[in-house]
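Next up, some structures in structure tokens.
You will see two complexes here that share chain A, one where it goes with chain B and one where it goes with chain C.
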Partner chain A sequence: MPEASSRNSINAKYKTRLAIPPHFQQTTPAKITKLSRTPRSLAAFCFQEISFSYTLLEARLEQADLLKKVVDAIKDLVQDCNFDCNDSGVALQAMDNSHVALVSMMLKAESFSPYRCDRNVALGVNLTSLTKVLRAAQNEDILTLKAEDAPDVLNLVFESSASDRLSEYDLKLMDIDQEHLGIPDTEYAATISMPSTEFKRICMDLMALSESVSIEASKDGVKFTCAGDIGNGAVTLRSHSNVDKPDLDVDIELTEPVSLTFSLKYLVNFCKAAGLSKSVKLCLSNEVPLLVEYALAGSSYLRFYLAPKIGDEE
Partner chain B sequence: MAKTRGRPAASAEKDTTDSKPIATGQKTPLKAEVSNPPQLFILPENLGQEARIVQLENARQSTNSSYLVCPETGFYEFTRIAAPKSTPRSWLLSQGLDTPDNIAKGEEGAESKLVNNISNDGYVLRNANLLVATPIDSLFLMLPALTSKSETKGAEKKLFLSGEDYLEKLASDSPDIRPLLKNESVRVLLEKRMAAICDTVDAGDETMYRISEEKLLIELMKKAERMVMNGLTPSLEEKFVKKALDVPTPLVIVEEEVTKSTLSTPQAETPDTQSTTLSGESLATSFSEASTAATSFSEESSITTTKVVIQPVEPSIEAPEGVADLLRLRTALSFICSKYLSPKISETIKSLANSSASAKDFTPLDNHLAHLAKLRQEALATRSLGDASRKRCFDDEDEEGNGESRAEKKRKKEEEEKRKKAGESRGVKNLKKVNVSGMKKMSDFFKKK
Partner chain C sequence: MLTNEDGETTSHLMGMFYRTLRIVDNGIKPLYVFDGAPPKLKSGELAKRFQRKAEATEGLEEAKETGTAEDVEKFSRRTVRVTREHNAECQRLLKLMGIPFIIAPTEAEAQCAVLARAGKVYAAASEDMDTLCFDSPVLLRHLTFSEQRKEPIQEIFVDKVLEGLNMDRKQFVDLCILLGCDYLDPVPKVGPSTALKLIREHKTLENFVEYAQKTGKFAIPEDWPYKDARELFFNPDVRPADHEDCEFKWDAPDVDGLVQFLVTEKGFSEDRVRAGAARLQKQLKSGQQARLEGFFKPVPKTEEQVKSLKRKNEAKVEEKKKKVKEEKKEKKQAKGKPRGGA
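Let's look at the complex of A and B:
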């Protein structure tokens, strides 16, 4: 609750500073006709130009940090992808080159303040290029995304809350043909919540030994095992709750035992999102992709899906 | 027995002194080339005194060609047998055996001086041409006279004319024959052959003639049948019958054979692969040849008759009963048409031969050929899909055709690739190396929206 109030105060400040009436474009045609007869025709001309560059999307993020981290986490998995913007928020779904992993991101409208999207628009972006632009933003900067109708660029504005620095970038967009997969809500046999750093550590440690890890969830706990040329290793976690630091809780919900093998390289890649959320949720069922979910503020999320390895072909 | 003798062209007589006497046992330089060198003929033995070489209108080319006309034995055409240009040859005519015949010939006749010279000293002919006189049906010579009317006036109804009129017409077209027409036997010969291909009407004591395509076809068919009776010439048989009836083997099967043979015995590989390329080639050539054959044939046949026909070992013709014979007959007919008939008449004759009015029914042949064409098309389609080497070949052609645009395309492609590489993060690059065996695609789990 204290968080929400602080957001409101910043909101108010922002509004007064920019003083842009929402949807002012709809009223401009009348204004232009009126002004064009007056001697101040130059002003009218300026107005006209503004009204042509109709802003379709305007999304303001309190902290550039969020988008920076999200893009950082995805950019090593996919190269180009569409940011699908609609009135409920900004969504992203993309697969890696081999189509064995899928990333699904949802930044709900509530994560932005304000958020306005008049029509559904897909912003095709090369993530490496976006990273380059985002590098110019400080973590605490206020970030505003803007796009026109039928855009060929994505406009990014970084405002430093501390100083009155304002930087503005246009990123060229691209046409990307992407197929969207419908992902049904699944009841998983095992759901494991753990600190995201813990999951990252396990992945990194086992990666030193092998290319793949087998995850076994049973009533005893969850066991990550791997076997490689130099030897083998296993990490076992049991349900555990820490009263002082609830972030370190490990929670295992199990309806039936599961054992699946995954590529560690991909998992390590997913772990780049560890900075986004203190905890990570692993959902497993036999013969379906593993879901690795990082919950974000609000009901936004970043989810990764990875196909299990079937058959021992090592 | 045909005898060989040099026969000078009309103007060659005065050049007799230019002929090159070679003293035996002594080297003599060859004299300068004669402007109109004598030519070597093979003539029929029993030519009469009245026999002449005359210029007559050639029905095919509607130009004048030389024919040998003998009132006693009939008409002869000349077939030139020449060495191909790539391997130039000359005749060396040497003193032959002193047969009494030779001596007798040497003493008589106006042109005998040269003959004498040759038989005494030998002679070098620059052109290794040999002109062989072979009998020709005089109806082919009459054809221009018989048909020229309809050619000029087109749709006008053909009129009956007396034989006299036709001969007059022939004489006006080819004035050389006029002196010969004074000979009764020549006239009778010509009229007899004319009657064979004409509708006739008796008008008083005179017989009137009008050409009949049906009769002409019947005559031609007889000739074609005779041509086929003892089998076609090997080159004709090879080119127009075997190739046309060659059943294309689908490439997939051939390839299978190759792989099989490689597995079993390595030695068997070579002949097998060769056979595949051979069949591929013959297929490709047979297409182009079949289409151009009709036009190119007449010249080829008259000039390169000496060409040695190498008959590759090929599987025997597989075709329904009688089809091969029909094709041979048609080939013979079209050969005659393309060599002796004007393009216009040969068109009429060919269409007539294919129509129901013809004595022979060619429909089984047509059906079979259509079937083969379909098979070939299929084979071609599978080959263009399956055979990588052929594909390469087409690519190369493409490159020659529009090399510039291709180079540009390539450059663009490279540029794009480069740009794509630049837009690729390290993580994405590393993921490419990951072993994804045993991992299903996401689309196997989640359905497309």
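Let's look at the complex of A and C:
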């Protein structure tokens, strides 16, 4: 505790001395903005007596909407996780508690305007807390994420484009010792693109009957089947393109037939991301986890991996 | 104690049946390992347990005459003994339920560890910490605690334990022996913190015994064959995982057999037994949920990350110590003040 509080007090001192408002990027003269970009060593040289901390990360999103939806989509799977920031963007990888599903998010630097991250930094965040803060942002707000060097807090600024309203929140960070999984590049046997609402509907409909769904992809199409106490159900989709509404296209690429069984509980959970993208991509190969990918603007993505259920039927 | 109409004990079957169902309901496929003949070294511990049982039986008699109902209950719990018949009945029940089991040559925990290490099972579930000494990669505790106790299941990873203690397995086993295991009497005046300090200082039990004899600080029991105990942990008598006894299969339950055994012979409710069998059947059909670790391997941490983690942990421990110290100080001060002042 003493360490953190002393750092805060130095910050406060520094801020008052130079009288920099917290959102100095927009309001302060160029000279000071430049100073905030000085490498740390030089900064330390300039301010030898005080341990000088400066903004290490600054990422501005045109629409708060994106982050709100991403966090909403994953907060039921993952409680605490690290946002790994580096110069290429903000990444997140986390497994659910039972190590059955994995979330992998990448918000590329291009998705932000502007984006700056001077050094790799892991921001340990409790997603429930982050949701609470993000609730204070309106979908169309401009959202800026900021963090200092060796940060205790993540600073979030919401600017309303319509009015001059500006709100600012500090979210306490935590140390999270997280295992990072290496995901091998896989040539999937089947890749299915479909409208994200269609996938959501299939999952919800079958969920009413059973806990698990088997996905079979063959040259005839892709078939989702389930069997439960009250009866069975099956939904079959075939490749088709719609000239008027390309959003409704279903595209199946297949090198080899596949058949796998998955827990619907997790799939329904993944479908919370349907609002992020009009279309969703399912990638399957026998005996490997399913990949469900929602592509975001600027080659960013939100991916879910789900381990299959392994049957004993001989 | 639960009994049927004829006064035969049925609590073991009741427990086995419903706990197994609960495990299966949660998507776990259990494999039971029964204790075989105890190793010779355990005779001391077993004699002690027997003694305690005998005392409890005496206590029970006395309580029945003079004590309250609570006392009777207390002592009767302590007199519970697993007999050969109980084990045989449990095994018969498992067979009918389609759940595999194996009888270990000696210690069940040792056998569990071998199976877990070979990847035949994910983890060993036991309340006995010895399982860690047998080198089971994962130990689960409190797996079958009743739901009412609201105890979370503990998952202990032996590699993390060793990393955290900064020890190799040999030292860890020595530490556990010093802490007191089933095979040896504990050394008087050696508790957890002393034991850890001693092992850190002397590295091995050999050095510690030498030190204890030289200085006379610790009274090591006369008969203290620590080398034999260590040998038991490192080379226990077990079936190797590729042995034909270790081919396990989860089968469909034999519903009629279960009804015959539990309802006709033991007086269980037929509806419940049939419902239980249906649950077993359902889980068998739905397939088992795989875990991601089976497909994706963790990326090892870079040296830098490990270092920074260590530093952070140390800082945390330091902070905690400070806090405790301060709290103690405050308490002392509060005590020192006369009461009723403010």
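Brief remarks follow.
FYI, the second predicted complex is superposed on the first by the 259 of 314 C-alpha atoms of A that agree within 3 Å, B and C clash if a C-alpha of one lies under 4 Å from a C-alpha of the other, contacts with A are read in each partner's own complex, and residues count from 1 in each chain.
The rule we apply is simple: a contact is a pair of C-beta atoms (placed from the backbone, for glycine too) under 8 Å apart; a residue touches a chain by one contact, two chains touch by 3 or more.
Since we're looking at a predicted model, the values are computed, not measured.
Following the overlay on chain A, a clash is recorded for the pair chain B and chain C. Contacts of A:N269 after superposition on the shared chain: chain B is touched, whereas chain C is not. Once the two complexes are overlaid on the shared chain, A:S163 sits clear of chain B and of chain C alike.
In the superposition on chain A, the chain among chain B and chain C reaching more residues of chain A is B. In the superposition on chain A, contact is made by A:H99 with both chain B and chain C. Judged by the touch definition given at the top, the superposed model places A:I183 against both chain B and chain C.
When the two complexes are overlaid on their common chain A, residue A:N126 makes contact with chain B while staying clear of chain C.
Contact with chain C, but none with chain B, is seen for A:D175 once the two complexes are overlaid on the shared chain.
In the superposition on chain A, A:K75 contacts chain B only, with no contact to chain C. Put simply, chain A uses residues 95, 98-102, 179-184, 211, 263, 288-289, 305, 307-311 to touch chain B in one complex and chain C in the other. Interface residues of chain B, counted against chain A in their complex, comprise 420, 422-428, 430-432, 434-449. If you check the complex, the residues on chain A that touch chain B are 75-80, 95-102, 126-129, 131, 179-184, 211, 263, 265-266, 269, 272, 288-289, 305, 307-311, 313. Partner chain A is touched in their complex by these residues of chain C: 250, 284, 286-299, 301, 309, 312, 315, 319. Those residues of chain A that touch chain C in the complex are listed here as 1, 3, 95, 98-102, 175, 177, 179-184, 211-212, 261, 263, 288-289, 305, 307-312.
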